[in-house]
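The structures considered in this document are given below.
What follows is a pair of complexes built around chain A, which joins chain B in one and chain C in the other.
For the complex of A and B:
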């Protein structure tokens, strides 16, 4: 496996000089690249190196850094290695290159990111609404979206759960036992 | 025998017969729908109490709101409820319909169902087991027999109040008006 990984790093480094590799234990290997490289590196992995399966695309909101991180996970059924291609984009003006011509299933992920994170994909042709209906607030999966405040404002609340009691304390009181020391740190 | 007494007897017979044939709309809105198959099939056999599934809203008596209700589903549920023929009842199923349950801070699920639809019986639990589902149906039968399950009447009387709450959640209101 180490041999395959070394070979893969050599191939990628030859074609993409700016790519940085992060090696993990087991069958995982990460590449950190610029966002402009994403379509070309994924095409290269798919067409030349046999990483034909797009497992997942995920987005991480690094609020403190002011960035979104997009992670493309691809898998090779022959080499049994999953490659994470990671890139960071600006949070204020998030624009990504579109990859749904490489893998058609990426279209669904991109629509989801557009709606839930507010990331725009260049050249993505899709209806505006995906999961949310009549939504006019900020993208709800961003970390600065305050769900508690939003729900308190939008929905009714039944009185009685404002105090959010620790259930275990009630149970221990009722059964006359004590919470063990090792478990106390989990109490509210 | 005067008219009032004869009406009373008719009501008793009517309620007795309604109580023994509760047809439930087979429309699972949340995760609680998974408790319906065991309730209906041979182990708990709800059909012995007259509870059985109906295919369409117009044939059904009971609308089960099984668990969380997203704002998107609420639109469909209101539409379904308004299509149902009288007599009609609503059962709120699981703690999500009562106070939000584990989705209490979710941005797209409603928390208190009886602000939007008239609920006759709540079944507590996350999820309620088939026993408690049957006990909820038993409670509904008692209410029907006493003539107290009048959620549909409440909805008609306070339609404006319900509409106001519903429109707060559904901004683009494109629903048909039913003239019951």
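For the complex of A and C:
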């Protein structure tokens, strides 16, 4: 395992000088790269090193740093190593290279991130809507989108069921029935 | 004479669809010339909700990602939290987890038997297998208190130890189910209708499978031996003896053959686990959930569900809530890009059978 990892680091470092590696216990190895390198490093991993399976792509919003982090996780059935290729992009102008020509399934992830995080993928051809319908608000998976405030503004509670109201008391008022003793301890 | 193309909508409410999604078909006669999927009918924003809940509260949402298979999600979450925190899990808990996962697989196989046959109009199978599934759900109810949502495999181990006499009852159920699988074989695999409707339908070739990120029985149905339990073993799968069946052809029939053998392997694993299970504690207690914080870091874990690899990414910023939780379900790879390509050239009546064989579970796509 360690030998395979060392070999992999050597290969990647030779071709991508700016890549920084972070070694983890077990079969995980991380590379931190610039966003321009993403298509080439993934192609290299897939075509030259046998990392043929795109296991996952994920996006993390680091609001306090003003950045989005995109993580591409690829797997080699031969070497049995999970490689994480990580990059950070500016949150104000989030543009990423498109990789759906390398793995067609990346198309779905990119559609999702475009809609839920507002990240633009250069050259992505896909219908505008994926999960949301007629949505013109800010991308909802961003950390600064306040779900609770949006819900309070958009929807209304049924009378007597507003937040932080005791349902038992409301029922008691409505029906005139007493709360049984065993249930009193649960009252707010 | 060239026939005019018509647009046909299947779903989101349709008995042939595997959940709340829509497939828009452009058809010429009975043949599909273009398929477009539309999801979003079941978006519950679980991942967003998890960012507002503490580590234990987030866990209760995990099982709700996909109803037919709840345990692989719980196990993924538990293992991801343990990986970030470095929390040890007692050996006995690992065995119990494997038992629960395999029981969940069996229950899910039973649903698949019903769904796959139902999609072809063969309803007897569904009545048998969903009936037999109840025996597994009975075991779950006894063990966890819930039949479908268990919330049993949580960070640090499992919620409670096996009840008294559980082993015998589980073994008895396994004996019964093993006998029933023979009946299923006769009803399903010796049925001329099933053969005719599945052989050569929905064919995925090896290259496409690798290119499209296909996993699980669909990949093994193309003759590629791949199983997370063997390739990237977790819990105690590396100590157990089981085989990974494969089949050639890549059609619905090949996938059915793979699943047929896998159900038997699950029974075999449950027997081994019950036999080898050591004594000891089942839970490494977590701190007060309100004050429980995880160190900064992230983890990506994978679990082999009935339909294939489920990946789960979890990131912590050092606080008491997840920074990011992101599930990669099987349907995410199978349900959109693969399905859209696969349906072209197929018959309208096979859409449902193909979706069932791919294991498309729409709630996983939009989460």
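We adopt the following convention: the second predicted complex is superposed on the first by the 157 of 188 C-alpha atoms of A that agree within 3 Å, B and C clash if a C-alpha of one lies under 4 Å from a C-alpha of the other, contacts with A are read in each partner's own complex, and residues count from 1 in each chain.
Note that a residue touches a chain if its C-beta (ideal position, glycine included) is under 8 Å from a C-beta of that chain, and two chains touch if they have at least 3 such contacts.
Being a predicted model, the structure only gives us computed values, none of them experimental.
Applying the stated clash criterion after superposition on chain A shows that chain B and chain C can sit side by side.
Of the two partner chains placed by the overlay, neither chain B nor chain C lies in contact with A:14. By the touch criterion defined above, A:134 reaches chain B but does not reach chain C.
Once the two complexes are laid over each other on the shared chain, residue contacts for A:175 go to neither chain B nor chain C. Contacts of A:151 after superposition on the shared chain: chain B is touched, whereas chain C is not. In the superposed model, A:93 lies in contact with neither chain B nor chain C. Chain A is touched at more residues by one of its partners, and among chain B and chain C that partner is C.
Annotation: superposed on chain A, chain B and chain C show a minimal Cα-Cα gap of 5 Å. Residues 132-133, 140, 147-148 of chain A are contacted both by chain B in one complex and by chain C in the other.
Taken in their complex, chain C has these residues touching chain A: 39-40, 43, 45, 47-49, 51-52, 210-213, 226, 231-232, 298, 300, 302, 309, 311, 313, 315, 323-324, 326, 328, 332-333, 336-338, 365-366.
Across the interface of their complex, chain A is touched by residues 71-72, 75, 98-100, 104-108, 110-112, 115, 165, 168-172 of chain B. Those residues of chain A whose C-beta lies close enough to touch chain C in the complex are 27-28, 52-56, 58-61, 71, 73, 75, 77, 80, 82, 84, 103-105, 107-108, 129-133, 140-141, 143, 147-148. Only residues 132-134, 136-137, 140, 145, 147-148, 150-151, 154-158, 160-161 of chain A touch chain B when the two sit together in their complex.
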